[in-house]
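These notes open a run of structures that come right after.
What follows is chain A paired twice: with chain B in the first complex and chain C in the second.
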Partner chain A sequence: MSAKFPLTLHQVLVRRQGKTVIGPLNLKLETDGVTIIVGPNGSGKTTLLRVMHGIERINGGTVSWAQDDPSKHAFVFQSPVVLRRSVAENLAYPLRLLKVPDAEVKAAVAQWLARIGLSGKAQTAATRLSGGERQKLAIARALIRKPDVLFLDEPCANLDGHATREIEAILKESATAGTRLVMATHDMGQARRLAQDLVFMLNGRIHESGKAEPIFVAPKTKELAAFLMGDIVV
Partner chain B sequence: MKRFLVATVALLFAQGAAAEDMRLAVTTSFDSSGLAEVLLPAIKADLDIDLRLLVVGTGQALKLGEAGDVDAVLVHSKAAEEAFVAAGHGTHRREIMYNDFVVIGPATDVAGIRDGSSAADALARIAAVQAPFVSRGDDSGTHKAELAIWTSAGLAADGFGPWYQSVGAGMGAALNTAAGLDAYIFADRASWLNFGNKGNLALLYSGDPALFNQYAFLPVNPAKNANIRNDLAMKLEDWLTSPRASDLINGYEINGEALFVFNAVAQ
Partner chain C sequence: MGGNSWNSVAISIQKRNSDPTERTSEFGRWMIDIYEGLKAALWLVVSLDPELWDISLRSLRVTLTALVVASVIAIPLGTYLAVQRFRYRRFVISLINALMGLPPVVIGLLVYILLSRSGPFGVLNLLFTPTAMIIAQVIIITPVIASIAHQAMRELWAEYHDLLISLNTTKWQRIVTLIRDGRRNLLTAALAGFGRAIGEVGAIMIVGGNIDHVTRVLTTAIALETGKGDFALALGLGFVLIGIAIVVNLAIHTLSRTEREGRW
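The block that comes next holds the complex of A and B.
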């Protein structure tokens, strides 16, 4: 369980080149669980995640953690960068920054290599991995330092079903182990499989949010109802 | 309690792009300034280079260059940059632009740093009353500059008590922490101007020549590995030192205030 939540966004506004990207919006994320952010392309999901992570500047409002320790955030991007090093060295990198003793680094790397099914490619150049393997590596590299909260932006976009299933299993295990997950996805099946809380973004605003299960059963707005049915919502 | 938790790895892999041509390690202060959003589309339009940014502190950026993980670095810590080139990790150092560091704090200014006679005096006043202070603590250029000012004040940050919070984070995250704590913080002017979550904070001290903040571009030595795109790094350097870049950099303003001053010298 993380002590840093709740995370409170109050009247947050992001504007770029004279246009409002998101907001003003209010959101409060509590301590536990998996929050999934859904919405059409361009609705502001990625910007919202970046604001929460602290890497997107805001033009108005406040973002406040109950107990802020930015060193315990992690973020996995849709198109992650892998270092021009071996798979094992990519995993070891964040631990080496934290000056973790070598023996502990080796043990953690071996454990995560096995967990993501890449033990046989430990010494392979990470740039040679497939898209699914790169994404698993990126998630493992984020989780290896045991963050309180992990933000993920469409981590399974463009991946096949097998890779998506593997990644979802890793994420569920991490959530069970106490890492707070906040993830954007366009995949409603994935949202149904993972979400405990749901945030529906539309035109830069939070159109509806709350516990996922009742929302999936009976959305309050016609826009979300249409979105859940697969209709185009603008 | 002083903490050394390195968070900038959270930012390290922070920039996505569809195609990857060139990797540039940049400081979080550069990223927080918003200038990248102006320069990257122009670089794409003029050079057709998809520039992928790895956003870290200066110390990490130079380490990424040393390991050959990036093609060039854009950072702000002259002594560390010169050591990087001297050790053969970079081919050369080219100054691009500058701004200045400032001291931010609660508008009530309990330490009275507005009346400081120098940057060192301003920080010494904070230490004297042990007012909450947030430090980047991430071996970044800003962190190195802050430590240098403490040293010039005759103080060692290592020995400070719990009022001194070393967060090990990028500029934006550290400013957020300071806003949440109503704490003092040493920041670059561009990040401060571009920071939207100011809360009760205000710019309290600036103007000491010791706060000069020079940014430089360093291509990584292509002998490190076959993946390094020195050809693109050189094209980018030519562009960053061109009149086109000068116009964009000098023209980048927030609320009518310029964030950087172009000072590349033609060669």
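The block that comes next holds the complex of A and C.
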């Protein structure tokens, strides 16, 4: 169980240009494992993740962590951002920010390069990697700091099956090692493979949430039932 | 000896130009001037003409010093303006952009007034010294470098924004990261400043005074030779100036090239 939790969102509201993006919504995440946020495009999944991570300004309500140490949570974006540096330097960057000793940085970088299969490309410019490699690098860079919580915004969008499987393996391994995962996806297959808890968002609000398995078997709302069936829900 | 070789080249060209028996067209004379200019420039370089070297080295020393000082001011400033939002930010950016277009002669005049014996900094005795020329060049090129650096850093900041915010970086860490990763764009900004400074004549003529062996640089020497009617020699010096600009640009690019075939 992570020391970071519970994370409590109370009456959180985000408005942009006079329009409500999400909320008001309440959510409490307190177990370890994997929480998957699902919902159609524009339902507010990304905004909710950004609010939880603390990089999105809120217009109402409160977001409270049990122990707030921003260096202990990390974020992986849908379009992986890579620094204009080598692959190895990208991995080393978060550790250098924390002033980790050089020997430890090198050891951690070597370990993660091997884990994501990029040892042979350590000195390659990260901007030259393929989409899947970039996303693996972004996830490794987020995990190298050993965060308590990792937020992921559709990390496998636009990736092929092979890259998706590799990324899911890394995520499962991290969850087993104790990292709390909170991930948005619109890939219901991925949600079924990874979710322990499920949050269904629609029109900026949490429509349904709870343990994943019962929800997948018997959703309480007709909107989620339709979404799980693959229908278009707006 | 340097002066003698310059004079002999100039005299031979003047003799040819004033010879009434030569019936060449305007275009032909122009081509000959260029040819003679190239020959004069080549001869001055090949013969290691001490005066040319003295002037060229002074040009480089003044310009590169001004470039370093201006870059130290302008690059962090441009980057700061890219990452930091504050009340008069847009005004400051507009001001820097406007300062890019300031006439160098006016800057020269202002620096002259400040450094003249009766001016506020007259006690420093800097007027008609290379330092005065460096000060004028710094004022001229700082807005150029800052403006180009700001544009480049703004684009990089847009790319890095979410990542650096999510990593909970401090403002200083963001600026350092942007400067490090945007160094190639910043080099372009610095080269633009170098190009502006090495070719500058108005301001440094006013504050430097074009004193032989003290403040004479390539551009002021060209202005002087042109005034004397030694066009070929002026042209030759111009070719040397262009050569220096190209060589310095290529050298900086080569030395700072960090990416080779996609590897760092």
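By definition in this document, the second predicted complex is superposed on the first by the 233 of 234 C-alpha atoms of A that agree within 3 Å, B and C clash if a C-alpha of one lies under 4 Å from a C-alpha of the other, contacts with A are read in each partner's own complex, and residues count from 1 in each chain.
Just so it is clear, contacts are C-beta pairs under 8 Å (C-beta built on N, C-alpha and C of every residue); 3 or more make two chains touch, one makes a residue touch a chain.
What you see is a predicted model; the values in this text were computed from it and never measured.
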item	value
Clash or fit (per the criteria above) of chain B with chain C on chain A	clash
Partner chain in contact with A:S64 - chain B first, chain C second, else both or neither	first
Partner chain in contact with A:P94 - chain B first, chain C second, else both or neither	both
First (chain B), second (chain C), both or neither touched by A:N26	neither
Partner chain(s) touched by A:H53 [first = chain B, second = chain C, both, neither]	both
Dominant contact partner of chain A by residue count, chain C or chain B	B
Which superposed partner A:Q78 touches (first chain B, second chain C, both, neither)	first
Chain B versus chain C as contact partner of A:Q123, first or second or both or neither	second
First (chain B), second (chain C), both or neither touched by A:S86	second
Chain A positions touched by chain B in one structure and by chain C in the second	53, 55, 70-71, 74-75, 77, 81, 83-85, 93-94, 97
Of chain C, residues touching chain A in the complex	156, 159-160, 162-163, 165-169, 173, 177, 181-182, 259, 262-264
In the complex, chain A residues that touch chain C	53, 55, 70-71, 74-75, 77, 81, 83-86, 89, 93-94, 97, 123-125, 128
Touching residues on chain A, where the partner in the complex is chain B	13, 16, 53-55, 57-65, 68-81, 83-85, 93-94, 97-99, 127, 138, 141-142, 145, 147, 153
List of chain B residues in touch with chain A within their complex	3-18, 23, 31-32, 34, 37, 52, 54-55, 60, 64, 67-69, 167-170, 172-174, 176-177, 179-181, 194-197, 199, 225, 227
